[in-house]
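Chain nomenclature is as follows: A, B, C, D and E, assigned in order of appearance, with residue numbering initiated at 1 for each chain independently.
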Amino acid sequence: MAKSGSERELELYFGPQHLGMVGNFGITLKVEGDRVLKATANPGYLHRGFEKLMEYRTWIQNFPMVCRINVVEPDSMEMIYAMAVEKLAGIEVPERAHYIRSIFLELARVSSHLFGLWAYSNMLGFDTPAHWAMYHRDLVLDLFEELTGGRVYHIYLWPGGVRRDFPKGFKDRIVSTLHSIGGCVPDYDATFFNNRLFYERARGVGKLSQEQAKALGATGQVLRATGTKYDIRKVEPYAAYDKVDWDVPTREEGDAYSRIWVIRDEMIESVHMIFKLLDAMPEGEVYNRIPNPFKWKIPPGEAYVRCESSRGELGLYLVSDGGDKPYRAHFRTPSYPHGLTILEKVLEGASIADVGNTMISLYVVAPEIDR
Amino acid sequence: MSPQAILITAFAGAGLVFLAGKVHSHLRDFLAVLSSLALVGLIAWSHGQYGPDNEIVYVPDFLGMELALRLNPLAWFFAIYIAIINAASVVFSLSYMKGKEKLGFYYSMMLLVNAGMLGIVLSGDFLSFYIFWEIMSWSTYLLISYRRGPALHAGMKYIIMSLVGSCAMLVGILSLYAQFGTLQIAELGEAIAGSSSGYVLFILMAMGIAFGVKFAILPLHTWMPDAHSEAVSPFSAVLSGVLVRMGMYGFLLVMYSIVGLKTILNLGAGFFNFHYILSWLGAITIVIPTFIALLQNDAKKLLAWHGIGQGGYMILGMAFGTSLGVAGGIFHTINHGSYIALLFLVVGAVEYRTGGVRDLNRLGGLIQRMPVAFFGCLVGIMGLIGMPLTNGFVSKWFIYKTLITEGHPFLAFMAFVGTWGTILSVYKLLHNMFLGQLPEKYKEVRKAPISMQIPILFFCFVIFLFGVLPGIPLRAIQGIQDTMGFAPLQLTMWGLASGAGALNMLNICFAIVIAFAVVLLLMRLGAKPRRVPQEDSYAAGSSVPAGKYHHSVEFYNPLYQMISPYLKDRVDQFYYWAADKAQGVFELTRRIYTGYAGTYVLYIISFLALLIFLQLAWEIW
Amino acid sequence: MTGIIQIVLSPLIAFVVGVLFLGLARKIIARVHRRYGPPIYQPVIDVVRMMSQRSISHGALFELGVVLALAGSLVTVMLIPLGGTEAFQPFAHSVLCPLSSSGGLLVVMYLMLFGPLGLALGAGASANPNASIGVSRKMLLALAYEVPFLLVILAVMSQYGSISLTEIVARQQQASWGVLSVPLSAVAAFLILPAMLGIRPFDLVTAPQEIASGPLAEYGGTCLALITVQKAIHLFVVIALFVDLFLGGGVNLATFLVKMLAVFLAVEMINAVLPRVKIEDAIKFCWKWPTALAFVQMTITVLSK
Amino acid sequence: MDRNQIAKWLKSPAKMANKYSLHAVYFCTGCGIIEIPPVITTRWDAERFGIIPVATPRQGNLFMITGYVSLKTLKAIIRTYEQMPDPKYTVGFGSCPINGGMYWDSYNTIKHLDRYIPVDGWIAGCMPRPEAVFIAITHLWTLIDKGKADGYLRYQENYAAYRRNQEMLFAELEWPPLYPCDSIAEEARK
Amino acid sequence: MIPSLQKDLEATFKGVEVTVVEDSRMSVLAPRDSIPVVLRYLKESGLDHLALLSCVDWIKEGKFEVVYVLTCYMRNDTDYTSDQRLHVLLKTEIPREKPALKSVIDIFENAEPYEREIHELYGVHFDGHPRLIPLLLERDYEIPPFRKDFDTRKYVEETFGSIPPVEG
């Protein structure tokens, strides 16, 4: 068909106030027919100036701050900040704390992936697995609540370890909760992952080749779905990830379908890892004392640390000028390239029906972008 | 009133208008409207005056033949239909054509086409039929190419195809004369009854090609979209509303007045039954053009393709030779005339106010600026779709019922699918022109002038009137059918009264009106809405950008992607290819004959030779 | 007199049953989600609430579109026999179908157009591209399911040799049900039922996650309430049509409603476990299996006549 | 349903229907949205009380401001709020809309939501638990019963002041005033 | 990998200071004009992932420090080696008055939003960037908000403190 209609272009707004938008984020689409000609990401609806606010707070005061950067998975934010502070201040972490951190982060990953599953299947109008996923996520949140006192924000990781040890019988509760969720995996497979319509909807959507993905700075599932086993937990192991044996699930196609499958496999792998970590976990201290937080100064220096959040490579560039507050902190969040660079790229030529589909399969979380 | 008087008025009107154009423009306009309205009056007055009084021989001896005029129910029915639509478009032209050049020529040609068509329906023998047919064809050609430029090409395409048709008709007429020694329609009917079925088929084919070209049956349709989009809008209304339907008149005349019902139904055997083939042609004519129409972005081309598609329904109705079907076919002809003319006039009005824009992607939101045009468009598309309460519904209902009760569900299926294609494409027409966001540049558009509103509202009225009380035209149609020997239908004022398959439009109308009233009452119960400007629209929390918030381009994109590869106009391409090849052949001949033979003459002669050969061959077999 | 009673009664039944079905649908889906779900009369509360809200209007057509849609649906109900036969005589008129002799199934098919057309006009008048895209999808979806649906209807009409719905129902009750005499058509009709109802997997017209509920994007308040009612009545009409065409209508209203409930539950189960498809896939699906089945059945019917 | 309820229904059906059919506009203004999916899904199932999310503001009557409000979001919130039909209820969710919460010194989040749009109720906490949402809803019911959930009326009454406050933040709002502003507001703007 | 890279860098480019902080981290300070070439060189030597583009406001020294954090994707898709842990902080210093730098979008496509953000929050201009339009902020700020001389508490007091309550 001749593109005769360039005279009247249509700008369609996908978000921020939109049922298909998970998070407060906007995409402005230039549309012809039902095809997207050009997509422009429009972030900033959640910008709070975190990194500026951190410069006004002491090292310890910043812990409640950083976890609020990513509401879906606040724990890797705590982890990365704790890692950076430990690196700058040279603090050692006890062995048991490493294990607890890993278990804690993997639980967070499971809950985050279940949230992603909710978002994705809800986007496809697939209410049933969405409701189940949200329920199962809540079971994991109950574990968090018992351990840390908070459902969503935990502030559990601490420079020098974790805030408290596992309570009595907590191990068993983790195992039984994960078993009850794992028992529903066949249900999920039958209704969702092996559903023909899911395949039809997700296949070929938001397709990226491995070269493209690398050129655009993709990490996490977006990259792993193109066939490479790039995972910071393996590349640069932290916490207790090098203590147990586990695998990085990948797929080859690089489209939404393979990304969602990678997420599913990763969730299962995480659960298995948690079991292994629980078995291998040593007894001992969980916390090395740090100086008085109100007088704590960290020697000048800079550090770039990274960890694998549930969305990809999470980095923190932290600068200290020797004071009691950070001089500069800059988070490298995985959603940043995914939601700004890659999203705009893969939405070109997509159908309107696939906009939300693509966005959620890229696993974009808006507050991570805006900070 | 005698047919002679009608024709004299028509031709005299055409001439006078041309002369008046030289004197003063107001006089010209006045005369044009007066003569077209006078014709309506004259014809209306002559209602019921059939019989020997109105059979007039006006040239007693023309090459040994009598040229005669006569008035019968069929002729009267078509005459009034021609005159009314023509009058409406002349009135519409008053403001549409204002300020254009060569207006005297334009008006006189409009009236000449009108006169030609009236001549066709009133002529009592085939020679006058042919003469008037040619007058109509040539004046149409002049009108199509009125705008010059690409219009010339469209006109050329039209006239070439018309010529082929005329030649075919001429062959048929000559053969009839050779066979029976008379061309009087009344005498032919008796004479032909005894001839062989091969001969009847030959006559039907020769005439059928002529009528088929005018009627734009697939595959003889290719002139029509171009001609419509290039012609001026009021003439497009005439062209699609009545001129094309002269083919329908021709078919009715030849098939049922001359050859007769019984012969037609027994023509051919098995699958090669004549009416069977004709009806399949009709079905194809419905489906393919309707879906091609879906792909159009030019408002008039879109309507032109529908003009072709709707012809298929008439053929379907007519081909079966049952009372119900033929009544449906004839009724659909006038219904189609009313709503397609209305739609062309609406497009014309929009074109007039927006400065000649009819690209559907560039319009939008005109409902607030041109409410009457919108109403006309809405009624027109409802008629075209065949929504209940419009006349299009009744005739389509007749046709569907014929198809189902005659046991042809596949034909009915094609007709229904055509309807759905129609719905899709005409909604696009309505939406892209009138709904959605109003572009900045049309903010100042005013509503259509009164001389445009009158014809539009008139047609709207007709559509609803015939839709609710279809008995009015159906009575007249029954009169025609009586002369052709069909079994009478159990007609009532509001539809059809026969057992379980009855149709009662008045009931449905009442039900809809009551339901409307109830729903309006319900609406009054709720809180009263607050009127907001167009810009106060949901845009996911942003404010609406001016001029960029309107969905019209590639309206049915997913379907386009699926069907457009199958819906190229291959027939048109084939003709161009054939013309190209023929050119080569003629080049060759020209070399042999050292350049004396003109392309078209040879084309025509060889075609005639083919037809004569066919006839002889039939005789031999 | 019975005529007037019927004219009042049949839309009323459609309204009550339709709205309850809407509530039931929400309840069923909630149970599949393993949650409690809203009360079954929740749609009534919603409708009352919407009626009380003072929404906006984008002009007369914006509201008239809704009125047209709802009026069309109400009239359609009057053409559909809701149980009762010649044999069963509760009133002087046997069948609950006020407009039984006004054109039959052909009129029903055209009257069912009023709904989409009215909504399309209203949505178009709202000048919201989400609405326009929704309408475009609705039109395409309608084309997609009408192809098999027409084949189905024509097969049934050819089978019983009538265009009158009452007659078709009566014939079924004398002989065998449509589901036995035209089985493939019945299957095809059931396959396209979700598309006709606009529920999953074919809820792409009002896909809230894609085009912000499409044609309804600008509707609120009274108009939305009427649209909800229209949806309920449309639900009733489509399922009633299915019951009339294939399950032999009902001997009386009660059996008719029981049959409707059965069909409705089956459709809702499909609704609960499938995601939304894209419009291209919807067209492809509708033109593949249902069309093939309906076509085969129609060929068989025509040849056996 | 007890007799009292039936009497209430008969007395003012609109009020009762508004109570039991709170359709929430889906707008994730901040991190509070993370607790909304649990609220509307299996575990807490807000649909029991007729609460479901709807796609566009035109269809809703409950607006939950879920968490901190940045300036860019505030603009969208005002737009969305004005597009909702009356009667409509606003609930501020979390401590940030109340007084800025932990972003009290952020240059890009507003501190008091009720200075820009009227708010009918607050849910304090960071993050408030799903149960808190239900407590808020039941409280909102009593407010509706008593006629105190009148944010939309207050907005109409004090529109000039609200609009003035909005325009103090955004020099140019891209849409005309919803209600006619009186002369006082005109002066204040100068 | 690090020693050879350090040697190469120092040999190839003039004015480049290389510090090896620990075995997997290297800090490279390059003059502002040679940033694109150094970056391209590093990319070709295997650091093919621009993880972060950041900026630090050293207000006392009167300069901005723009930092490019480079890491490497895996050479092949399965093996994990200690080389993978390498990351390089490429830095350059630019004056605080009229800060400008050449855009590196042609080398690393994902630098685009980072540069936009730094432009918005620090006021650093990037030459050759196709759309330096606001990314995150709605209002205009006289001093870009991430500069050290922008006192957010004072700003909040002035802006939001001046807005009166509507009722009560």
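In this section, contacts are C-beta pairs under 8 Å (C-beta built on N, C-alpha and C of every residue); 3 or more make two chains touch, one makes a residue touch a chain.
These figures come from a predicted structure and were not determined experimentally.
Shared contact partners of subunit B and subunit D are A, C. Each chain gets a centre from the mean of its Cα atoms; the one farthest from the centre of subunit E is B. The most central chain, judged by C-alpha centres against the centre of all protein C-alpha atoms, is C.
Should one ask which of A-D and A-C has more C-beta pairs in contact, the pair is A-D. Computed centre separation for the pair subunit A/subunit B is 65 angstrom, with centres defined by C-alpha atoms.
Annotation: 71 Å between the Cα-based centres of subunit B and subunit E.
Work out the mean CA point of subunit A and of subunit E, and you get 23 Å between them.
For the pair subunit B and subunit C, the distance between mean C-alpha positions equals 36 Å.
Within subunit E, contacts with two or more other chains are made by residues 136-138, 145, 150, 152-153. Among the residues of subunit C, those touching two or more other chains are numbered 33-35, 51-56, 129-130, 133, 136, 208, 212-213, 217-218, 221, 278-280. For subunit A, the set of residues that touch two or more other chains comprises 10, 16-19, 21, 31, 34, 44, 47, 49, 52-53, 56, 131-132, 135, 351, 370. Here, these are the chain pairs in contact: A-B, A-C, A-D, A-E, B-C, B-D, C-D, D-E. Listing the residues of subunit E that touch subunit A in their complex gives 24-25, 48-52, 54-57, 67, 69, 71, 73-74, 77-78, 80, 84-85, 87, 89, 108-110, 112-114, 134-138, 145-146, 150, 152-153.
Listed in rising order, the residues of subunit D touching subunit E in the complex are 70-72, 75, 100, 104-108, 110-112, 114-115, 118, 154, 158, 161-162, 165, 168-170. Listing the residues of subunit A that touch subunit C in their complex gives 10, 12, 18-20, 31, 34, 121-128, 131-132, 135, 191, 195, 197-198, 200-201, 351-356. Put simply, subunit A touches subunit E in their complex at residues 43-44, 47, 49, 51-53, 56, 214-217, 223, 227-230, 234-236, 250, 302, 304, 306, 313, 315, 317, 319, 327-328, 330, 332, 336-337, 340-341, 370. Those residues of subunit E that touch subunit D in the shared complex are 136-139, 141, 145, 150, 152-153, 155-156, 159-160, 162-167.
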